[in-house]
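These are the structures, in structure tokens.
Look for chain A in each of the two complexes below; its partner is chain B in the first and chain C in the second.
Showing the complex of A and B:
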């Protein structure tokens, strides 16, 4: 196969991948717009309390059917809506062991600072890498369409960040090895 | 397209007008009730009523008796009477052990009903001998009662609940109501279930038509169901928009719903067939809209400098910037409502006019 064909195939592959990513994100966006229809709802179990129903899960009638939007076996989003809160759990692309380690450390870094993010959950749901919890109090003080924008943008950027980190790790490893081995030449 | 847009607070949970629409009572998403009075063309703050411990979820102002009833998530309700400029509260013993979600005066102003998370509705009336408000419970709900509405005959109520059903009950109180009034159902004792209607989602809002021959309820599955009583014939209208949170009949053939789509939506009926008509807050199409949105080159660069992106997408194109939670009739005569007001999570109260919106009522 000539060089030109190989180049064209790589460009086409990238645009195809970009197209599936765009479809995946637009599907997540429209599901979120339907799921984040939240209202203030006082607890039915404890008087004078107001809890996110998706976390307490005491009354089955207040929970809506969870939806999984998945691009492949690893990259998926689980959206669990309820009457006053939505839990969004994201599975991030992990191609090899290095990306798995980078993803775990990066998500742990973010989750430890969950208070600053407001909508982030401190622990991800088992089986996923990171979880968000959006309640009716968030939609009262913030624009709903900007919250959806934030989540979709987060999904786009976290993939880019992890690829960049992987490149940086590989580059640093190469430089370290070069420096070390010059003493033997 | 609207008469008035008032920014009253950061977020308004509920509002109510007095009989001649010179005063508005609303809750700014906390435990207070604010009353603003009209002076000229503007509204000025007049009084702040602080008696509740948690957010006030329902307000109603009776046009006949000029009394305000408020209910809150602290499972209390108060009846406020205006005594020479001061609003005096009277605690109502609701006997519920969960939050109250909604409250409505009956058409005659002598009873009111409170929907609650205790899976029951408290119908309260004033007991003269003991000089306090007494409540009686309507049970038989399986989950939180989210909404209710009184029939024009002062006896029937329709309730909506998160157990996917709308129900019609009799709320006739001996000593307050007289027998033999106009009613689609035969006279039944208090708390008797007269009809149960299923819904595909949680029932968020219920409303009787002005004649009382039918009612409508909106579900969280983006559906609106119309039921004629007493034969119980239902008609379900499904629409593409996000669910409705409150509905209001403008007349026998027009209904406006408000909800998460941030715009009032009109439904009309032709010969008894209801259908989705249109959204009433469509932004101006074409050039006017684009220019207003800031798509000009100057605005693009301005936004790039200020916010780092060249699209100004923060403000919505609709008048309400967040979901609308309540719709109240503002001007009604002879069974037809020509003006209505909406309040939402963005803190705005907007008064809409059907003539300006080109709605035939």
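Showing the complex of A and C:
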């Protein structure tokens, strides 16, 4: 291939990647906007209690159909709505060993601070890396469109952060190796 | 200070050209023991200062690889310091001529028998330290000289092309160091490194991959190879290696003539001794750095989330007639 074709192919490849990411995120965004329609609902099992129905899962009529938006086998979002709460579980891109442990550490770091992030769940749903739980009380005190913004931005930032951390580790490794070995010459 | 302007300028320019010393930026580890060096330096200076009486000393401190140092002097003669070291690998190093090496380096300072609980002792009178300004630095290299003994034997065997039985030094609790002659031009140093944390293994793989690849960019450096599961072929049949290969990774350095000839061998020994600690140090630094990044990212995400929070406005409202009421 001539240089110009090679260049065109490379640019197109990059924009295609970015386009699938944009499509994925916009799909997640519209699904969330549809799913986060919550109202207060007292527990039918226990008097005077108010529990998130998506977590208790006692009454089938209160649970809506779960939806998975997936970009590929690893990157996907599971949205489980119910009458008064929504559980959003995210699977994050992990290309190799290093990204897997970076992702695991980062998610554990976030989950330990779940109290600060009001909508974060302390344990992710099995099969996913991190989970959010949004209840009607959250939607009463927060703007819904901003919540959806937050979740989508969260997904973008986590991906960006993991690739930046991986780059940082690789750069550091290269510098360390070169510094150490040049001592011998 | 009393430097004239021109000297100050010259020093600054030279500093810019030479750049900060790599050990100042904390990329490379020191191979001497800084605590020992600074303590001796201080004691010598205190002894020179005749205004105050010198106090007796009792300092115990550690170094990498489980080495324990002690600097002791009693009240009868507080300026006579006994500098002692104890190390699991000491006796193994003595087999390869460590005692002769120490005698050559420290001369009369080396004591015939060590303090109780220690393996080797040097004795120094800080009131008469002699004229050598570098004495504290030389003393701080005690551990380096001990570990250098098997390396010198290996390098001599390579240069003279004599038979050399593989050295197997278990210098740490669950790690070992192997020295083997390959032929009359090269030899191999194998580190068996244990990682307490499974994540460290992944970091180590990234770092050691770069070590392996550095050979493509740099000329004249040792060849590095790494394997996590299996012991390298050079260690076939070595019992301790088979036992360690269950849990440890193996890093091999192949050293060539330009590393082991008379001009460079000291520098090679200085640098290769701290490799295992260098690797772990940088893995820990990376983890610390990543933590810092994660903390920053968490606070930026929290800012985004806070934008979502509604401002619960004023609770107190007024009607047109002037009555006030509160909206709950």
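Here, the second predicted complex is superposed on the first by the 183 of 185 C-alpha atoms of A that agree within 3 Å, B and C clash if a C-alpha of one lies under 4 Å from a C-alpha of the other, contacts with A are read in each partner's own complex, and residues count from 1 in each chain.
Just so it is clear, contacts are C-beta pairs under 8 Å (C-beta built on N, C-alpha and C of every residue); 3 or more make two chains touch, one makes a residue touch a chain.
Note that the structure is a prediction, hence the values are computed from the model and not measured.
Of the two partner chains, chain B is the only one that A:83 touches; chain C does not reach it.
Of the two partner chains placed by the overlay, only chain C lies in contact with A:116; chain B stays clear of it. Of the two partner chains placed by superposition, only chain B is touched by A:62; chain C is not. Of the two partner chains placed by superposition, only chain C is touched by A:165; chain B is not. By the touch criterion defined above, A:143 reaches both chain B and chain C. Once the two complexes are overlaid on the shared chain, A:33 sits against chain B while remaining clear of chain C. Chain A has more of its residues touched by C than by the other of chain B and chain C.
Touched by chain B in one complex and by chain C in the other are residues 141, 143, 146, 149 of chain A.
Residues 97-98, 100-102, 105-106, 109-110, 113, 116-119, 141-143, 146-147, 149-150, 153-154, 157, 161, 164-165, 168-170, 172-185 of chain A are the ones touching chain C in the complex. Within the complex formed with chain A, the chain B residues making contact are 10-11, 13, 29, 53-55, 57, 73-75, 97-99, 101, 117, 119, 142-144, 162-164, 202, 204, 220, 242-243, 245, 259-260, 313-314, 316, 321-323, 325, 345.
Those residues of chain A that touch chain B in the complex are listed here as 33-34, 37, 39-44, 47-48, 50, 59, 61-62, 83, 139-141, 143-146, 149. Those residues of chain C whose C-beta lies close enough to touch chain A in the complex are 22, 27-28, 199, 202-203, 205-207, 209-211, 213-215, 217-222, 224, 258-259, 264, 267-268, 271, 275, 278, 282, 285-286, 289-291, 293-294, 297-298, 300-302, 304-305, 307-310, 312.
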